[in-house]
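Structures for review follow.
Shared between the two complexes below is subunit A, which pairs with subunit B and subunit C, respectively.
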Partner chain A sequence: MLGYILKRLLYAVPVTLAVSIICFSLVQLAPGDPLTVVLPADASQEIVDQTRARYGLDKPLPTQYLLWLSNVLQGDLGTSIASGRSVSSEIGHAIGYTLSVAVLACLLALVAGLALGLVAGYTMGSPMDKIASATAISGVSVPHYWLGIVLVVFFSVKLGWFPAMGAGRSGQSLGDALSFMILPVLTMAAMPAGIITRSVRALVAEKLGQEFVTALRAKGMTSPHIFAHVVKNAAPTALAVIGVQMGYLMAGSILVETVFAWPGTGLLLNNAILTRDIPLLQGTILVLALIFVALNLIVDILQPLFDPRIQRA
Partner chain B sequence: MTVSEITLPTQPMRSQGYWSNVWRKLLRDRVSVACMIVLAVIILSAIFAPLLTSYDPAIGSVVQRLKPPLTDGYILGTDELGRDMLTRLLYGGRMSLIMGILPVLLALLIGGTLGTVAGFVGGWTNTIIMRATDVVFAFPSILLAVAIAGALGSGLLNALIALTVVLIPPMVRVTESATTQVRSLDFVEAARASGAGGLTIIRVHILGNILAPIVVYATSLLSVAIIMSAGLSFIGLGTKPPTPEWGLMLNTLRSAIYSQPLIAALPGVFIFAVSLSFNLLSDGLRSAMDMS
Partner chain C sequence: MNTPLLSAKDLTVQFRTPKGPITAVNGIDLTLERGEVLGIIGESGSGKSVTMRALLRILPEAKTEIAGDLKLDGKDVLSLKGHDLAAYRGGDVSMVFQEPATALDPVFTIGTQISETVRRHRKVSRKDAQARALEMLELVRIPSPASRLGNYPHEMSGGMRQRAMIALALAAGPKLLLADEPTTALDATVQIQVILLLRELQREMGMATIFVTHDVGVAAEISDRIAVMYAGRIVETGTAAEVLKNPKHPYTQGLLSSTVQGAVPGTPIKAIPGMPPDLAQMPPGCAFAPRCPLATSACQAAVPDLRAQGGERRVACVRLEEIA
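So, the complex of A and B:
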């Protein structure tokens, strides 16, 4: 077990480095001299050279990368061009908002996906299964930014139940804070719920056809007990799916947060794109990508605990 | 977002009547037929948009702003600049469909080639191609697309590049695993023993067996690509106004969400319909080809 964990951890090192290299090259991808945004257009050549040296931009690319990496490891992601504040504090401020919505959306997706998937798998071919499967594929196919708009139209504009935008004021009650989160959470939960439903449905159908279920039945086990066995067998898959989906949710939140003006990392990215704030773009992408890598790693490490058969590779 | 494993069909694809059999099965599936009809109608109406409407998608009249659907002369109403919604939805389909389908075709071509080479050659070539693929997989696809398009700056070509880069890795993985499965089969060994060259084996034996399942896999990516490309336009990284495009229309119509909610939500219906149809059709194709 320990060897397996070590192997996964070691494998994550080159991946993390590669992710950092890609994030570093985002600045190189951006057209134009990065200095033009910090310096006035009529800056003298001397000042240009000085600034270039100060940012380390006169050095060869590999040296620049190492400089950048050592800064990143010390928690310094650079300075936002638009706001003048440090990128890490901007992200630190926003990430809590993204995380809370993503966690709630994952919980909702896990519960809804497991329930729908179990119902569909148990009643394969019945009208119940058809309804559950249709819901699931709609969840997978729906453009979530549009789903957000539809929910706003319905619940905010027509019914006036929930606020349409923002996260409210600081110091508001928990109930008020939650009311701002309901629509973004519903929007974000649709796709992972659909994916979990589809995988659990396939899994349940497969398990029900397997010998151990027949054997349990032959031994006289009642349906509720068999159900418990099937759930136990389906849970690791659902957990693995939700782990990876959590990363997708945090990254994919850019579109949903734009719809709801939710002040998380997605809105940060959106502002970075609008103002061409490359350091902010780079830092946010790096943090979100690293979270995704970490979540994948956690799923890989946790899965054998739930399902000992996976201890391979 | 995507599952990167496919099962090869259980029966030989070259056998006589295989394709007519698949087609017959597909036509018997009512859902697949419905999807093909929906897609055909949307694609054809985008192509023949100028014949179906007399309005110009880029020109509106300020006095006619945000008219509700079924207003005289405007079947689906008008948008925030007084342009005919139906016209813009029809023309908008052109850009949305091209920007959804083209990246998948490019990824199929590039990723399929890389995957076939990796699977067939093996060894170091395989290691290099597959590890590079792993790195791209370390990013959630939408994040990488936003990162690339965001760094390159908005514009159609940049969005196309971003989407293609994101869609290549799943194509490489699927093609590589299929090629590796086929490569070790007896008939490839037999072909090699009877003196066939590498390229001939790839063309006849490998591609002959994996091309169809891989194209089917690509259809499932179409759904993702349509949502992502419209999503890029939605956040201002793709189509620029006044060109009509469904994602961009959703964005500019957000100001109308209180006054004309129906119109504000309309472009998304088309993205959803296309994405859902591609997904369901891909499911139908899989089961018709015994791949599920």
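So, the complex of A and C:
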């Protein structure tokens, strides 16, 4: 088991490096010059060149990458061009907001997705299955920024139950803080809940159709026992689906955070894109990508606990 | 005279399909004494496996209709429900499946799979159930059984898995063992070992056994009595010696001469021409008539009855007297 974990950790290293290269180069590919944002339009060529040199933007790209990487490895993500604050403090501030809604949305998506998926898979073809599947498909196909706006119109504007945007003041009570989160959480959970439902439904139905389930009935096992066997068999694949969905949620949603003016990493990215704030953009994407890699690593490590064949492969 | 352990009368199994019902088993009678071994032989699709699954009541209930009369040791099997049914499955009757690779749960150890069966049918502690599992692995002659308890199915060879499957099926001490082509998925050399093991265990433990196979040689090796199935019906039955040495039904004759054992050296093996009938579109009379070299118009008039031929022997062929 330890060897397996070490192997998975080693595999994560090249993935992470590749991610850092992609983060760095994608941003460079985007058109536009970050200096146009910080400098006045009539700045002299001399000042433009000086500023360019100060941010290291005059060096060739590979050199820029290596400089950036060595700084990143020392924990320095650079300085935001737009705000002048360090990128790590910007991210550190935003990521707490993103994680708080993401974790709640994950839990909601997980509970709803597992419950609906299990019911649908067990009752394939029944009215229960049709209701659960229809709910799941709506969750997957409704655009979430649109869902966010509809929720705001209904619950904030018409009913006045929850605030429409923002995260409230600092020092507010937990109840108040939660009331700001409810609509973003609902909006963010809809799609992963639908995807988890669909996957779990298909998985459960597939496992129930396998010969070992007939063999379990043949040796006198009753439904609760068979359920436990089916769950353990379905768990590795379900974990992989859930891990990816959690990754998407943790990485924040630019659209949802923008709709709700939620001060998380999504909004940060949105602003960084609008202001061509390259260091902030690179740093944020890198951190989010690393969270994604870490979640997948956790899934890889958990899977063999359910299926011993995975460790062998 | 004692009542038989198993008696099935006019057992019929129908599957409900969108295109209408399909009769997979068509009014068969079976009786089995305690400790007796019945071999059921026939081609794929003849209803052998469905019969076995009907006996154990593991066909999907929503899609199947089982009719007739089925008694095991006085118990009315077709009326069993809920916990009585669960206690019957694996407790009174258990099954060795054709493919141990798919019939064993891939993510539980062999030890867990055997001991959960023991605990399902006997009020014993986890530890005692583990001890019973170990005892069962020893019984089926698995080498180093103690360490094998912790193995997953994928860590075992095919023959070893089938031994584990047999251990599992016997763990709760059933009165009747159903073996559904238990050697078909195995290598030839392993097949023989598993057959010999089953025969030995059957004699040691004395449970009645129904052994389904399409391999006449295997059936000859293990059976006291043989029933030949074709298109959901029994066409010939009798003691193993009678049926195999002196087959009377044209289908049994064809089946025997189409095997390697039945062939005369130097001559080609005689295959039965044609295909078994589509169960959804059964011919009106004898189901074998369209393939039978001896068929006449009388064969298509009505389904022939199984007629007693002295002793255990019964044959379902209208032309029996003329062709014998």
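Note that in this section the second predicted complex is superposed on the first by the 274 of 313 C-alpha atoms of A that agree within 3 Å, B and C clash if a C-alpha of one lies under 4 Å from a C-alpha of the other, contacts with A are read in each partner's own complex, and residues count from 1 in each chain.
Here, a contact is a pair of C-beta atoms (placed from the backbone, for glycine too) under 8 Å apart; a residue touches a chain by one contact, two chains touch by 3 or more.
Only a predicted model underlies this, so the values are computations on that prediction, with no experimental measurement involved.
*Asks:* Quick check on the subunit A-based superposition: subunit B and subunit C, clash or fit?
*Replies:* fit
*Asks:* With the two structures laid over each other on chain A, which partner does A:A30 touch: subunit B (first), subunit C (second), both, or neither?
*Replies:* First partner only, subunit B.
*Asks:* Contact-wise, after the overlay, does A:E211 reach subunit B, subunit C, both or neither (first, second, both, neither)?
*Replies:* Only subunit C; A:E211 stays clear of subunit B.
*Asks:* Give the angle at the C-alpha centre of subunit A formed by the C-alpha centres of subunit B and subunit C in the superposed arrangement, rounded to the nearest 10 degrees.
*Replies:* For this superposed arrangement the angle is about 80 degrees.
*Asks:* Between subunit B (first) and subunit C (second), which does A:N233 come into contact with in this model arrangement: first, second, both, or neither?
*Replies:* Only subunit C; A:N233 stays clear of subunit B.
*Asks:* Taking the superposition on A as described, I'd like to know which of subunit B and subunit C A:W161 touches: first, second, both or neither.
*Replies:* After superposition on chain A, A:W161 lies in contact with neither partner.
*Asks:* Return the chain, subunit B or subunit C, that is in touch with more residues of subunit A.
*Replies:* Higher number of touched subunit A residues: B.
*Asks:* Just to be sure I read the superposition right, which of the two partners does A:T222 touch: subunit B = first, subunit C = second, or both, or neither?
*Replies:* second
*Asks:* Looking at A:V150, would you say it contacts subunit B, subunit C, both, or neither? Reply first, second, both or neither.
*Replies:* Only subunit B; A:V150 stays clear of subunit C.
*Asks:* Could you grab the smallest C-alpha gap between subunit B and subunit C in the overlay, to the nearest Å?
*Replies:* Nearest C-alpha pair, subunit B versus subunit C: 15 Å apart.
*Asks:* Using the superposition on chain A as set up above, list the residues of subunit A that contact both subunit B and subunit C.
*Replies:* none
*Asks:* Can you list the subunit A residues touching subunit C in their complex?
*Replies:* Interface residues on subunit A, with respect to subunit C: 210-212, 214-222, 225, 229, 232-233, 306-309, 312.
*Asks:* Can you list the subunit C residues touching subunit A in their complex?
*Replies:* It is residues 56, 58, 83, 86-91, 94-95, 97, 99, 102-108, 116-117, 120-121, 152, 154, 168-169, 172 of subunit C that touch subunit A.
*Asks:* Going by the contact rule at the top, pick out the subunit A residues touching subunit B in the complex.
*Replies:* Per the stated touch rule, the residues are 15, 18-19, 22-23, 26-27, 29-31, 137-138, 140-143, 145-147, 149-150, 152-153, 157-158, 164, 191, 247-248, 250-252, 254-255, 258-259, 269-270, 272-274, 276, 278, 281-282, 285, 288-289, 292-293, 296.
*Asks:* Spell out the part of subunit B that touches subunit A in their complex, as residue ranges.
*Replies:* Answer in residue numbers: 1, 134-135, 138-140, 142-143, 146-148, 150-154, 223, 227, 230-231, 234-237, 247, 250, 254, 257-258, 261, 264-265, 267-269, 271-272, 275-276, 278-280, 283.
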